[in-house]
Structure formats: C-alpha cells, structure tokens
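So that you can tell them apart, the chains are marked A, B and C in the order they are listed, and the count of residues begins at 1 in each.
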Amino acid sequence: MHLLSCEGITKRYGGVTAVDGVSLSVEEYETLGIIGSNGAGKTTLFNILTGFDRPDSGTVTLRLNERELQVQGFGAFTFAHMGVGRTFQNLRLFEEMTVYENIRTAILSMKRTEIAAEELLKLLGLTEQAEMPVNKLPYGTRKKAELARALVCTCGVKKGCRLLFLDEPAAGLTTAEAYELALLLLRLKKQYGLTMVLIEHNMAFLEDLCSTLCAMDEGKIIAAGKPQEVFSAAVVRSAIFGE
Amino acid sequence: MGGWAEQLINGLAVGAVYALIALGYTLVFGVLRLFNFAHCDVMMAGAYIGWLCAERLRLGLLPAAVAAAGVCALLGLVVERFGYRPLYGASGMPLMVVALGISLLLQYTAMLLFGAGARVYPFGYTGGVVRIGSVTLPASKLTALLLCVALTAGLELVLKYTRAGRAVRAVADDKTAARLCGIYENRAVSLAFVLGSALAGISGVVYGSMYLVSPLMGLTPGLKAFAASVIGGIGSIPGAVLGGLALGLAEALAGAAFGTATKDMVSFVLLIAFLLLRPGGIMNSKSGTGRV
Amino acid sequence: MLQETTQRLNRCRGELCSPTVYTQSQVIPRTRNARPYKKLWRADITAGIKDAAPCSIFSKCGCAMHRHYNNKGISEMKKIRLGVTKYILAAAAGLLLTMLLNRDAYAAAILSRMFIAAMMAAGLDLCVGLARQLSLGQAAFMAAGAYGCGTVALVVSERSLPGVAAGLTVGVAAASVTALAVGAVVLRLKGDYLAVATLGLGEIVRVVLENCAPLGGAAGLYHIPRFTTPELAFAAALLCGVFGLWFARSRNGVLCRAMGQDEIAAASIGINPMCMKLLAFTLGAAMTGLAGGLYAGLLGFISPKDFTFARSVDILAAVVIGGAGTTIGPMLAAMLIEALSALLQGVANIRMILYAVILIVVTIIKYTKGGRRRAPVKL
C-alpha cells in the first residue's frame, strides 16, 4: 500500500523547470532516500510533498485512515496535522526559545498529541540541553532539536500517517555524528513505525539507512531502486558522481 | 485639449518632485533597509534654506537650490552620524523610531525658528510662462522636470562610474560581501545619506516655489514620495523616478477625473495595489520580495 | 509513469520495510499527558533541571529572560521574577494617583490620556511584540473606534452607563472589523512591506474620513458626551493589560509568538500563520479601538486630524522604548511618554523639540547598552 504517492509533479520558477513530471510512491514503513546534484529539484519536490509549495501540475496523494486524499494545494500546516513532520535544509528553529519550548510549542500546536516532550528529549539525548536557548547550542544539537520537533508532528497524531521528511539530516555533521544519527533514526523507525523520506548527499549514510533510493537530475527521476543498484547505475554515475 | 496638456504637465512636475524625494528614500533603503521617515523633513529644511536665499539674499532659483543642497547634505550627514549610526547593529524598529524622532525634531525646530505660518517664495520667482503652440506652461514646472531628469542622470553617473558610488551600490547589494572586499560600509552609508539629502534639498526648493513653505509641509509629499519609491521598486534608482512621475500623473488624472478628494488617496491605493500584486514595483527590484 | 516507478521500487524493498514487524497499535507509545499543558509547561522536566525557573514563554519578561538566562545563569531569574512586582506597584501607584489627582480636571484629563495611550501600546504590542507584524496604521483602528463610539454616543447623547457601554462596544467592533478586513489583505506581506502597506491604509482611512460628509468630514464630530473619567480609562487599561498578559501565555499566544519567530517553521508544526497573524492583529486593533472610543469620550470632539501617521508613530515609539513583546513595558512607556509630554506643557514652544530629543536619546541608549553594536557577519 502506498502511504504517499505523487504523479506528474511539475514545478516551474520563471523559465526554470525545477521539477519535471516526477512520479513516485512511498510505501508504509519504507525509508526512501533522494539523491541528486545541487539544483536537481530535490528540495522543491520535498516542499511540494510537504505542502510548502504548490505544484504547477500533478497530484499528491496521501493515505490517511485507509482513505486516499488528494493533498496538493493544501496549506503546509494541514500536513502537520495529518502526521507529516519535516526538517529543513537550513535549520528552522524558534531561535528565541529553549529546546524544550520548541518541542512544547509543537505539542501545543498539535493539540492532542500522543507523545510527551520529556520522552522525546530522552529519546534524542537532549535532556541535558532542554533548558538551553537553541541559538546557543552547537549545530548537531540544533539539528536534533529540529528533528525532535518534527517528530511531534510525525508521531503525535492518532492515526496519522507517520511520515518524516528529512532534508539533508547529516549535512554538517561529523562522520561519528552522522553514524549516531543513522542509528537514532533506525531506532525511531523501529519504535514508532515511521516512514521516512530523506534528501542526503552522504552516500554511506544513505546506504545504512535507506531501503530504496531515487536519483534525480534536472528535475527528473533518473534511477530508482536498491541503494547498490542506484549507485552502480550508469546514468547516476555520470549525472551525480561525475564519472 | 490645452486643459488636459496642462494637467499632464502639472502632474509630471509634481511627479518630478516626488521622484527627487523618492530617490533619497530609495538610496537609504538600499544601504540600510531603513525607511527614513526623516527624509521629508530634510526636504522641508531645504525649502526653508531656499526661501531664505530667495527672500533675504535675493538669489536666483539655481543658486538657492545649490545652497539648499549643500546645507541639506550636511544635515543628512549629521543625522546619519549621530542619529542612526549608533543603532546599526540593532533591528529595524529602533531605527524607525529614531527616524521619527528626528522628523519631529526637524519639524519643531523649523517651527521655533520660522514660526508655524506658511511662507511664500517671492512672486514670479521661478520665471514666467513658456508657450508651446497653444499650450501655456509655467516655467517653474518645466524647471522641475528638467531638474529631475538632469539630477537623476547625474546620480546614476555618480553611482555607476565613481569609486564611491560603486561602493554604495556594493553595500546596497550585500553588506557582508562589500565589507569582505574592503569597502568602508559606514562611508558608503554616509554617502548615500549625503546624496539623498542633497536631492531632498533641491526638491524642497522646487516644491516650495510651487506651493507654500511651512514646518509641516514635508509630510504629505514625503509620504507620497515614499509611496512612489515603493511603487517604482524600492532600492531601484530608475524605479524611484518612474514611480514618482507615474504617481504625479496618476494624481493629476484622478484629480481631473474624479475631483480633488480622490487625489490624495490615489497614491496610497496604488501603493497597496502594487505591494499586493507586484511587490517588486514597476522595476521589479530585487529587494521587493516582501511577499510570503 | 507512476506504475513504472513503483514497480522498480517494489522490486527491491529492503528488510527495513517489511511490514510484518510493525503494526501501529504495537508501536504507539501511550504516554498521554494527564496534566493540562499549562501545568506541565511550568513543571520540572527532569531531575537534572529540577530547580530551573519556569520557561521563558510563561515568564513575565519574555525575550529579556533569555538574555539574563544566558549571561548570568539560572539564579538571576528569580530577580527578574521579583521585578514583575515593580510593575504591579506601578499599577497601584497609578490607581493612587488617579484617586489623588482626580479633583483637578486638567490632571484627570492627563491621567485619562495616559491610560488611553497605555491601552494602545498594549494593543500594538500584541501585534508587533508577539506576532512580529509591524503595523504603522494603528491610528486607523483608533479612528474606527473613536468614530464608532462617537456616532453611537451622539445618538444616545447621554452619559448613562448603557449608552457608554454601547458606544464602546460599537467602537471596538468597528476597529476589529476594520482590522479583519484589512488584515486579510495586507498580512500576506512581510516585514517592512507590511509596515508600508499599513501606513498606506492609515492614510487612506484618514482621507476617507476627511471626505465623508455623514461623519463630519474634515471638521469631525462635535458634542460627543464626555463620558471618559480616569477611573474608566484605568479600568479599561487594566483590562487590556491583563488580557494582553493572559493572551501571551495562552495556547494561541504561544503559537503566535512561535509564528512571529519563524513563520515557515511554525507552518511545519501545524500552525496556520495567517490565522495567528489575523488573531493578533485583530485583538490589537480591538484594544486600540477601545482606546479610540475612550479618546472620543475624553475630548468630546474628534476630527481626522487626531488620527494621523504621527499618532501611529507615537504608539510604536512607546512599544519600542518599553520593550516589544513584554506588554507591561510598552504600557508603562506609553504612560511615561504621555506624562512627559504633559509636563513639558510649561515650555510649550520647545516642548516637541525636547520630546523628540528625549525620544531619540532614550532609544539610542536603550538599544546600544553594553557598547556600540556591530552587525554580525553572516557567512
């Protein structure tokens, strides 16, 4: 069963076609990685799938409570209430709040959540920093805080679709931190039954984490499949790895 | 036919004054991202300087304008140095409040010095009329238009081809990058203030010679010029001029078509329409991405 | 196309996504919050931070708290919490002053003006401090309140309590409706552009009033019953202040604050930004409208000249000097500014000059505390 699928998504900015007729589907409990060079349209696709952008054409379908919902054109905030959480490429935290308040605000916004802030803090190892203002924290911790906040939306809704979108979660992290993050994501996935979609440039990280991969170039999907297959595909090697 | 042509020229002349003031708004917004509300009172100061020159010293229009430009440039420099510069690190709102404080300060200083009453430039100060065919045009309006064109061209030349002007443009484009290139950011900001204030001084003389001079005279043309700079595309020099002229024309036409009541409103209606439909203004300036 | 991609994806679903392992009922942890959120918010999170003070959103000083928290550690927080009592003392002093000075008509008028200014500052603070939507058109909402109240008061034309109540209600309603209508259009704009648009709207409202014959045109409305007493103004200001403080701590207030800090992040956690903006904008306008109604009742006559751009600016100055986002700060600042302007009445000819200088100097000093600031280099 597809949890999320999109068909024929096209988005143009002025003369540039950022996403060009992309169709793809995400199964429940799957982890889908999206790779591609800069400007391939990954983030635009991401924004469309999470409601931050409207596609010029194409449909986005979300399965919620055993019903298929056409969700393109919905406001981003409604996605959150359906159980779609996301992080951003350049962190977007409420800079004047503490870690705890960031999470707490998300819980307040979601009204009836099934998850407690303390639990999330413990899970992500943020208990120590809970009362620190986020703008004073190191980058890795800030990323974790943002992840925690996104998890509120993902796991907090009863019968929600438990989708987590991560835009470059390992960017800017050291190898050790990235490894730790991969382990954490796996654990979260097991514990909450998450479905994850992530954009990433760290191939080792993707290999550890993803069950499937999509490669994008110039707004189109050029390859999809198991990580190893995608990595070894000739189109991918030429378009992304520059061989 | 003649009536309409006169209306058009009137509108363009007022528009030229708006354009000159709008240039100052745009210059300062470019470098500081600040709506400098004190700008219109610098213009008022220019009008008084021009009036003093004309009434007491019996100077002609151009010498008076030059004197006003000089004094206002100095005024702009002082305002920038002591009013705004201490606050460059802070956010926009304190700057805005200081701008408004300076605006009040200038208005009421003028009131103290010259009284609240309106002053008039000496009669016939700006020359008689010019006849082109059947159309009679007051020379003052033509002067305003010519001045506007000449000064805009001059400003554009300064900004494009002098070292200091290029520094101003660089700072307007990206402060950090400019600083990394070794540009003295504060000097560029000062220069923008000096240029803008000098233009305001000249426009003050022109506006004053067309209407009256009073301590609160800056408010209305100031707000309208401000609207013009946004309509043209804030941060863009040609935009400010186009916006000013377009606004002057629109006002004249609206005044002629629907009566004077609509005249004051048209600029603000246009302002909001542009903000909502085309926030980049006529020139679609880069900094005009105010839309969500 | 979809099927093609799906087939390719299906061919290679890994072990990680084998659906047999997880079913939703198994994995959802049932840890509902038994306690209401407000209590939980204040509660200690873990043993490690047991003695931490309440989180800053519920603290009395909002953003100021963080600064102190960062520089001086947790112990400093108690001092700030004590600082709040100062505000309460100030409010009590205000009440006392009201009682003491009430006999003098002039002093009574000044006090009423102070409280009216405080209300407007509280209203704008919701908009500027909490939701971070810069409005330069507050005078328009004040005008809506004043004209709404004035018209009703003229019709009722007596100083009875129901009459006054009806007038003020209509005033508040007029301001709120104006704000809703205007906000729905202009709140799509951000930052400076919103400021410009609201400025334009303020001017439009003024010009419309000047040319609106039923509302007296440029001459305005006369002979409005002068019902505003310092006590009434004080009660209204207190109401606005308490409401402002309560709102900032309520669920919607917290969401508003979050939206003000980062609109996109707020949308990503399910906050409707437009909704929050409209809420703060309208509530702020309602308070300003109430102030406008009282203003009409204080002066007895109103004209479009009372609601110029300069008025909007005065309110903004109070908010900035008092510290945006703290509700009490702007209210006190507004009262101080009004008192100052009354005190300077003695030197009428240089009054406004002194006022302007004080405004400039205070703003500069307040925002350059701890040395001159340099813009941080963002790389």
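Quick note on the criterion: a contact is a pair of C-beta atoms (placed from the backbone, for glycine too) under 8 Å apart; a residue touches a chain by one contact, two chains touch by 3 or more.
Chain by chain, the UniProt names read as follows: A = Branched-chain amino acid transport system ATP-binding protein; B = Branched-chain amino acid transport system permease protein; C = Amino acid/amide ABC transporter membrane protein 2, HAAT family.
Fair warning: this is a prediction, and the values are worked out from it, not measured in the lab.
J.: Please flag the chain sitting at the greatest distance from chain B, going by CA centroids.
T.: That would be chain A.
J.: Find the most central chain, measuring centrality by the gap between its CA centroid and the centroid of all protein CA atoms shown.
T.: C
J.: Go ahead and name the chain pair joined by the largest number of contacting C-beta pairs.
T.: Counting C-beta pairs in contact per chain pair, the top pair is A-C.
J.: Quick one: report the Å distance separating chain A from chain B, using the average Cα coordinate of each chain.
T.: The separation of the two C-alpha centroids amounts to 49 Å.
J.: Averaging only over C-alpha atoms, locate the centres of chain B and chain C and give their separation in whole Å.
T.: 33
J.: Could you state the distance in Å from the CA-based centre of chain A to that of chain C?
T.: About 36 Å separates the centre of chain A from that of chain C.
J.: Which residues belonging to chain B are in contact with no fewer than two other chains?
T.: Not one residue of chain B touches more than one other chain, so the list is empty.
J.: Quick one: which residues in chain C touch 2 or more of the other chains?
T.: Answer for chain C, listing residues that touch two or more other chains: 273.
J.: So in the complex, the part of chain C that touches chain A is made up of which residues?
T.: 1-2, 4-6, 8-19, 21-24, 26-33, 37, 41, 45-46, 48-49, 52, 55-57, 63, 66, 69-70, 251, 254-255, 258, 261-262, 264-273
J.: Provide the residue numbers of chain C that touch chain B in the complex, in ascending order.
T.: Touch residues, chain C against chain B: 128, 134, 185-186, 188-197, 199-201, 203-204, 207-208, 210-211, 263, 273, 309-310, 313, 316-317, 320-321, 324, 349-350, 352-353, 355-357, 359-360, 363-364, 366-368, 372-379.
J.: Quick check on the complex: what are the chain B residues that touch chain C?
T.: 33, 35, 37, 83, 86-90, 92-94, 96-98, 100-102, 104-105, 107-109, 111-112, 175-176, 179, 219, 223, 226-227, 230, 261, 264-265, 268-269, 271-272, 275-276, 279, 288, 290-292
J.: For the complex, give me every residue of chain A touching chain C.
T.: Residues 2, 5, 7-8, 21, 23-25, 27-32, 50, 52, 75-78, 80-81, 85-86, 88, 92-98, 100-101, 104-110, 113-119, 121-122, 127-128, 130-131, 133, 136, 149-150, 152-153, 155, 158-159, 162, 186, 189-193, 210-212, 221, 224-226, 229.
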